[in-house]
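Here come two complexes built around chain A, the first alongside chain B, the second alongside chain C.
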Partner chain A sequence: MSLETPGVTAVAAAPRRAEERVSRGLWSDAFSRLLRNRPALVGLICITAFIGVAILAPVIAPYGPYEQRTGGRLEAPSAAHLFGTDLLGRDMFSRVLYGAQISLQVGVIAVLMALVMGGLIGALAGGLGGWVDSVLMRVTDVLLAIPGILLAIGIIAWLDRGMLQLMLAIAVTYVPIFARLLRGSILALRESDYVIAAGAVGASRLRLLVRHMLPNALTPLIVQATLILATAIIDIAGLGFLGLGPPDPRTPEWGTMLVDARRFLQTAPHIVFFVGGAIVVSAIGFNLLGDGLRESLDPRLKR
Partner chain B sequence: MEGTVSEGLPVGGTGDGQLPSGDELIGVESLVKHFEIRGGLLGVRRIGAVRAVDGVSFSVRRGETLGLVGESGCGKTTLGKVILRLIPATSGQVRVKGRPIFGLNDREMIPIRRDMQIVFQDPYGSLNPRMTVGEIVGEGPYVHGLRSRQEREELVRELLARVGLNQSHIHRYPHEFSGGQRQRIGIARALALNPEFVVCDEPVSALDVSIQSQVLNLLDDLQQDLGLTYLFIAHNLAVVEHISDRVGVMYLGKLVELAPVDPLYQQPAHPYTVALLSAVPETDPRKRKKRIVLKGDVPSPAAPPPGCRFHTRCWLRERLGNPERCATDEPALREVRPGQMAACHYAEEVSPAAIEAASRASESGMTAELAAG
Partner chain C sequence: MLKYIVRRLLATIPVLLGLSIVLFAFVHLLPGDPCTAILGQRQTPAACARLRENLGLNDPLYVQYLDYIGGLLRGDFGASVINSKPFFDEFSVRFPGTVELTVAALIFAVGVGIPLGRLAARHAQGWIDGLVTAISLFGISIPVFVLGLVLVLIFGVTLGWLPTQGRIEARAGFEPTTNFLLLDTALAGRWDLFVDVLRHLILPAIALGSIPLAIIARITRASVIEVSNEDYVRTARAKGLTERRVDDRHIMRNAWLPVTTVVGLQVGGLLGGAVLTETVFGWNGVGRWVVDAIGNRDLTIVQSTILVFALIFLIVNLIVDVGYAFLNPRIRYS
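On to the complex of A and B.
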């Protein structure tokens, strides 16, 4: 193309070309790169399966999650019960499917809560600076100093058991991570030439933050959210294992199911195996996807 | 403007150092920018300051190009950004068309932003990767009240054509362009508000040599067509000579010489300018180069030497037998010859003979060093 022609007139005179098009944005560009990344694709498949199963659990599951059958307790996997049955004769396959629903629901809502709270704190701290920054960052430092699972246990102990409490407890442990991440990005972006240039044309502080800094600080947040979703799923199972999960002990929550099955590790290992496998697959899926996203979204790999 | 810049013709000795304030567009008065170094347990104790710009005064005349040269880290980029109030100054004042701008609040600054714009060095870092060319170039007009999408797009297309870009590129993203094209987008953004004054912060130093001249010519054409005034920051002396009417030389946050381009290049008054010019490579291999190699490194701007900042490395001071005055008295910028200002107590001692002798001494010193090493 004749783009580096020195004469202004030569190009200016050229009529509008047919190639005038709305070009592919960074997002669709990143997505096509993601699909070419083998591990990320595996992660994407795991996650798609996980989400699909969670949404379609009532359709796919051959039995209800609470449905008990006398007689068929701790059965080994068979055609009728793909993952066998548990102590109360409930179909493990159905329970694992419904468990995906709970993990996904609690995990996604918890991470979104953390993202919003942390994002707000980070944007305020980075955008305003000064004493607001100092106060907010010291608060997040305190939160960060307490081990995550301990903090979650404390919050549940304080607020009592319940689904909402579970989400909140997990969310709070990840707030500081998002807050620091966004604050760091904003501090770096504040010095970048294009933000300074936008300031030079007279854009207000709010506009700089919303239009220039936040969109460019978004990708590390998305990557981090995906990776944290993996740990959140493990956290949910961990809290369930500790007896701090959903208040109803019958709930098909993976951690609760694990703790129930633990006693029969020798006689009926398949229960632990399938439940554990479900946790591992979903956690690894989010991890692989997160790493893949990092690679395909990283602006440093592409200018 | 007195001379056409494109031909690189001399402006002549008409310019005088102290300007009649009538044709002053931008006035810079004892501008200081210190970056504080904080330390201590809570990070609030002030343990020092990097004196990036340390008391600089000059004016930019309407329609001229004032070149600003100096080594990396001498504070020239900081100076440009402080003048535009993109980073806050520590002290001093900047006048735009006679109106002091430090002390104005954000709202009062908005109309002033229309008059002064900036073109950045790095064509990759200066465009928001998440915005299309149309959004980037059209942002200024939008902020300043041009809300109609259609009018804005028309304006952007005009600007793109003006800077030599294809109008159909309006909906593309920065990553789809080359460095030279991106720099043109940056120039279009700067022009969108129809400014009078543009700070060009090393606008070509990140570009391929073949593209450099194109962008320089573009800047030149735009200046003539639109009557722009440039503060042209660069470290490439040849580029500055080509484009400037007057040139300021900076060393460690201070302006050490300010003169019309021809006197400065042919008869520099400050020993630092002499050394700087002697470092320009000679294209004619038959010409013997009088090279003065400065000893040592640039002192840290966090702890600049007392007196004249250049005295620790000054070849002239060495020739004069290290006068005490250089290390104690800070020289002010004064008129050495009509129109030529320099900040050196002994600027009158800078003569072709002295330069010749210093370069010979410098060369023999180097050979001795080579033999020893």
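On to the complex of A and C.
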């Protein structure tokens, strides 16, 4: 198993082979491992479809997301309307496609915000230690004590509804996770030989943190961010379902679309099926890719 | 042991303090004018003055905070901004519904998740393992409200096997006393209604329990596999102990530990998920109340609900941690 590690292979293999192996970095090595991992590949396909659909929605969608009465109300799926129509006669296929755009945008921005805020807290706590560490960790404890979706609900209630508020609400619920993760990595890395060595030759604390510790703490953060994207997409839809999503109720947001689906479950079950399916496929994609990344980025992990 | 419990209790104090500050700010430091923010359309000079009076918004901030803390310590969790009814009046009616729902979901998640995880671990890398992994992947990837709607569609609308709305058959006209309906119907000797309440519980509990089930199954599998590779398990087998005895006495006793912690952590997710589940199933619990309160911008209700849920979460995890230390001497003495 350890033969998979790039450095070891280079030493162990014949000189000629070593040359070609050495030229491959950690990331390309991880990528080739990822491609050999079948579940991760399925995840990658789901996500490619999700992102592709989000970007190409204006090209693929046969109707506009707001275009009303393109068909009858709550029509079952047909050749003209692949996913049927909703209460206002809007084409569900087009709305599901545009919905991917919203989930992707809100999800990615929210997770990036959480990554930056959490990363900053974690780096400060782990890097400075002392009372800064204690205070910041108590702050994350407080955030962790409030059930995630309830925290997001509270933030939206406080700031009122809006796209930016939605992103912020989702982001704040994940800040403590990133903060603790990075803090933990930094505490572990601080004791490692190469960091101590760099410190001994006079590297400043900031340089140690930015140049030596952060790059090595990045892997678990990336894995976690991928997994959290799955839950973020689910949470966005959840808030939409509670009526706390985008302020404009006509917005083709997946959770908001399910509010109608609940009222007309009997007459139009197809709405739940297609919208729910879209959410599940994208969540499965990020979950599988996250697990796959964890396995392929950490060569020491037992398969 | 006592020292550990005391230390653990002391560690909760800063969290409670932080929580009180955040929740205080939630109502008392609203962005913009509080009258507009809370009253919105209902804003009149008189209503505005009353709101300011009730929330003490004319006092200096630190006085407001001390008043808030003092109120909490006296058990005064504020009153509705809309109808001035004290928080606990309505909460005590709603809360039993949420408790029944979350406990049922937890029983489902633990009752199915742990056996599934053990099964997968025993057949690690086989098709059963693959199936369990797929189930748990699906469980964490499907939102509770989507699963809820699908369950309603299949078992309610299509098959008509189970009720899908509310906690009890409304036409029965049952008058609850404690609002724990399982308890109330049993005490009243109405076993027909007891069964009815149970039937109402099944679908929401499955929908709400799906995520914790998936997480518990995963962690059980991982934990059992890890313990199975320990030297003492091999020794036990080498001694000639029966497979069953190895499983019960050597593997599971050690594998339980991480599982208990994870089960405790699920309580937060369950309380949050209850908000969505109650919306899908027309369940008369705290979750639906909060959603309505946000619609009415009744922020004190939202504030106090968040506080109570966070307290429950902290207490449950305190109990789990203490229980964990009780089960595992390694923690106690560290």
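The rule is short, and it goes like this: the second predicted complex is superposed on the first by the 275 of 303 C-alpha atoms of A that agree within 3 Å, B and C clash if a C-alpha of one lies under 4 Å from a C-alpha of the other, contacts with A are read in each partner's own complex, and residues count from 1 in each chain.
Please note the rule applied: a contact is a pair of C-beta atoms (placed from the backbone, for glycine too) under 8 Å apart; a residue touches a chain by one contact, two chains touch by 3 or more.
All values reported here derive from a predicted model rather than from experimental measurement.
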Which superposed partner A:Ser204 touches (first chain B, second chain C, both, neither): first
Which superposed partner A:Ala237 touches (first chain B, second chain C, both, neither): second
Which of chain B and chain C A:Leu150 touches, first, second, both or neither: second
Contacting residues of chain A [partner chain C, same complex]: 138-139, 141-142, 144-151, 153-154, 156-160, 230-231, 234, 237-238, 241-244, 255, 258, 261-262, 265-266, 269, 272-273, 275-276, 279-280, 283-284, 287-288
Residues of chain C touching chain A in the complex: 14-15, 18-19, 22, 26, 30-31, 37, 137-138, 140-146, 149-150, 152-153, 157, 268-269, 271-273, 275-276, 279-280, 290-291, 294-295, 297, 299, 302-303, 305-306, 309-310, 313-314
Residue numbers on chain B that touch chain A, as the complex places them: 81, 84, 86, 106, 109-110, 113-114, 116-118, 120, 122, 124-132, 136, 139-140, 143-144, 161-168, 170-173, 175-178, 180-181, 186, 189, 192-193, 211, 213-214, 217-218, 221
Chain A to chain B touching residues, read off their complex: 1-8, 10-12, 14, 16-17, 19-23, 25-26, 192-205, 207, 211-212, 215-216, 299, 302-303
